[in-house]
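Both of the next two complexes hold subunit A, though its partner changes from subunit B to subunit C.
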Partner chain A sequence: MNRKSAVSDILKQKIKGLKCRECGKLYPPVALHVCEFCFGPLEVDYNYDEIKRHISHERIENGPKSLWRYADLLPVEGYPTVGLYAGLTPLIEAKNLGTELGLNRLYIKNDTVNHPTLSFKDRVVAIAITRAKELGFSAVACASTGNLANSVAAHAAEARLQCYVFIPGDLEAGKILGSLIYAPTVIAVNGNYDDVNRLCSEVAGEYNWGFVNINIRPYYAEGSKTLAFETAEQLGWRAPDHVVVPVASGSLLTKIWKGFNELKMLGLIESVPTRVNGAQAEGCSPVATAFKEGRDFIKPVKPKTIAKSIAIGNPADGYYALKAVHESKGAFDTATDGETIEGIKLLARTEGIFAETAGGVTIAVLKKLAMNGLIPKDDTVVAYVTGNGLKTQEAVINAVGDVVRIEPSMDSFEKTLSIKK
Partner chain B sequence: MAVKVRIPTPLRKLTDGRGEVEAAGKTIGDLLSDLEERYPGIKERLYDEGGNLRRFVNIYVNDEDIRFMHGSETALSDGDEVSIVPAIAGG
Partner chain C sequence: MANFKIRISFPEDKIKEPLIYQIGHEFKVVTNIRRADVREKTGWVELELTGEAAEIEKAVESLKAKGVKVEPIERNIIE
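After this line comes the complex of A and B, so read on.
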């Protein structure tokens, strides 16, 4: 049997259905995200016994050079049809940044170079739109702070589906253009992301669209697990001691934690020593605040931060993100706008990676955790940098130097720069 | 006092499939009790055993989350629009 047909055999039997995370009620694997009894989130219910019989390091390592090498643990039933090149981004040993922060084993998971739209959203969308096609949708949609809109628009173009993306009215120019270029319908809503999200929840109830982060959300969210899978594989099949993850809805952090635990359950890694740390912008930190105040419920906030990609004041998975951080004995911290800009510049100066604002928040919080002694210097640490700085140029445009202007002559060059030969 | 209430998909089996219904009440708490009288069973979907609004239910009055106002005590006026929206969405 060749590899392709082996994958196909498993794929047909790996999904049992959907299951409410709160009350356990079972549903068929359709486009549904909320339990009709308790309003809890529905999650994909896998046939782990079947998966365990087939999965192995070798099988994964022989798979495609994309996140689809983990297809056995992703909620699609057939072969992927869009987003074939998403994932498997570099895990960079960040020696220079590590030296500055006093960390000897620091890695950056660099999703600023994800394919095709330069953020981790290409992972979740590859899965969501492949699944939306399996479920027969001819139109896809999303509520987005920008990166998701870019990715949904790009993948919808590839999949030849109609596309509607809803964004807050005040997004960065790069994020708006980065959607418009694929010619979807871009709906800019006068309001913040939470307003957009609430509106989309209501729209999703009336229109038969595959809203990737609403009715397709149980499948979509699973894509974030691949950040844990790749990290473990790239570290030689082990989980790191610490991760630092930006928190917006809380889904990414929750799924990274789930990903490491799934690998352990399936015997692909020995243990999960990982402490999961959450990073929020100070101007939008409902989950970090709940952590600090020792609450288990999230009080929504009105976001006020330059980190627009993570400006979610009413986070859907905030409760679960909080739980994952507690379970893993991690911590939360926040970054001001100024610290966020410094974080972007620090990562660029030390590692040559240009992150967007969420990445600046992550690096700033990594720095605080290291300074506060919460990350021991010889622990293996992975910071997740999830989006590209070219999309949020407004944030740093006044914080970088200017060009040196000269005439096209040796004389002008030497007089202006006076560099020793 | 009549208030328009938008009903999310998971509750429409209780409202004969309707996505929008009318109900009355001086506050959100009153309104939900009135909804229960008109559409029996709706309250136990929205409240947990302890009598608190479930963790994953969001309620809005004229597009504003009631947690930014006075929660279940938030006052209603004639013509207000209330939306019941599942919290699990987005991100």
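After this line comes the complex of A and C, so read on.
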């Protein structure tokens, strides 16, 4: 695809700069993520008046068949240069799963087939690396044990950028194969999880790299809004009554809520009736626990769950995710490891979609919310399944049954299977 | 000179201790509080440390040894 043909034309004045979420102080649109005054997180500040003058259903629908059709609401200033095929994943009407759960209008947003690395991280990284190139970085980096690393390494390879991936020193070799194949520099840091965290923050402060989830984070995080944009468009330009979203850093949920509200503000949908529901693994549920206990702050936890892709014990955007769930009158719930595995199996058995563990958590929580009457049966519900099950096969390897073994004869076949002709 | 932004979370039994004052005396670091919320049973402080990288790392280790949780301002970076 020609880079320019990836979007119809670019709005030059759509980004005003960065703005502190806490004190409102304004900054130019550079690689900066923390307010120098109050240390609050920075967010992209858009020129919505300018965007509103140009954006329309038609303009979006005539755009590329990727998340770049929403370029007017994404924080890049030029034409996209990398990740041109990310997003616009299927919104599947999940009739079989809906029947099992007693939900008549259930949809699955299937990011297990995102391009190129089969998780929703391809959305945020497509934006982050395009922006990192615009900002002039020749090297990008991330700290990750899985999906983010895979996606950054793949996009950096496509963009011909140097790439550094930091991982905890005790991570199993198999976990990093999906990143190593793209030939980044993978740095295994001896020490525990906290040590790796601290080192990455120090490195990001000292080196002139585009650290996608540190100094590029304000741009990176905006990519998650495209899940809301696509959902609304795929539902015929309306927001669903409920969404169920896995919560790790809390950024995904926060941005989905923001995405629906942006569409309403710009007149692209009429209303946002959406209740935003958060799903966490029981073994790492700092945000769900704060919600249940009625707290407005997050107590960090030590993760212990098979859902490692969402095991973030002290989430950067936990507070904002909590706020979004409250604002939307949604709820939180959690899934045990056993329920997570059952969730993966249920989605696979009913809809033919093999999700990773985060998807299992989402489906398990969807089930609980439906059983508890928090999602009425005729409401339109969208569950976000964010990563491919082929990446976490170890989670279900002992839970999928075994083959039926027979001798190479019709007799053995018929006797073993007892199938009538 | 390096500059490092951290978030310290206090458990209830550490709230009364002058830990920030202590690391300012024990190590060659300048401490600068930017944001804080300290309540009866819990609290957090967001703090800037300026000094040589090795001194900052020692100050962080010392805070941890004193029984508080210390994380970079970004909290969990590994995703």
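Definition applied: the second predicted complex is superposed on the first by the 380 of 421 C-alpha atoms of A that agree within 3 Å, B and C clash if a C-alpha of one lies under 4 Å from a C-alpha of the other, contacts with A are read in each partner's own complex, and residues count from 1 in each chain.
The rule we apply is simple: contacts are C-beta pairs under 8 Å (C-beta built on N, C-alpha and C of every residue); 3 or more make two chains touch, one makes a residue touch a chain.
For clarity, every value in this text was computed on a predicted model and none was experimentally measured.
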Report task. Determine, for the superposed arrangement built on subunit A, whether subunit B and subunit C clash or fit. Result -> clash
Requested in this report: Look at A:38 in the shared chain and tell me whether it touches subunit B only, subunit C only, both, or neither; answer first, second, both or neither.
Outcome: both
Report task. Check whether A:250 is in contact with subunit B, with subunit C, with both or with neither, and answer first, second, both or neither. Result -> first
Query raised in the report: So, A:319: does it touch subunit B (first), subunit C (second), both, or neither?
Result: first
Report task. Scan A:168 for contacts with subunit B and subunit C and give back first, second, both or neither. Result -> second
Report task. Touching subunit B in one complex and subunit C in the other: list those residues of subunit A. Result -> 22, 33-34, 37-40, 143, 193-194, 197-198, 200-202, 205-206, 213-214, 217, 248-249, 297, 299-300, 312, 314-316
Report task. In the complex, go through subunit A and note every residue touching subunit B. Result -> 22, 33-41, 143, 191, 193-195, 197-198, 200-202, 204-206, 213-214, 217, 221, 248-252, 297, 299-300, 302, 312, 314-317, 319
Report task. Using the touch definition up top, name the residues of subunit A that touch subunit C in the complex. Result -> 22, 33-34, 37-40, 121, 142-145, 147-148, 166-168, 193-194, 196-198, 200-202, 205-206, 213-214, 217, 248-249, 297, 299-300, 312-316
Query raised in the report: In the complex formed with subunit A, which residues of subunit C make contact?
Result: 2-5, 9, 34-35, 37, 42, 44, 46, 48, 53, 56, 60, 69-79
Report summary line: Residue set of subunit B touching subunit A in the complex reads 6, 8-11, 13, 19, 45-46, 54-58, 60, 63, 65, 67-68, 83, 85-91
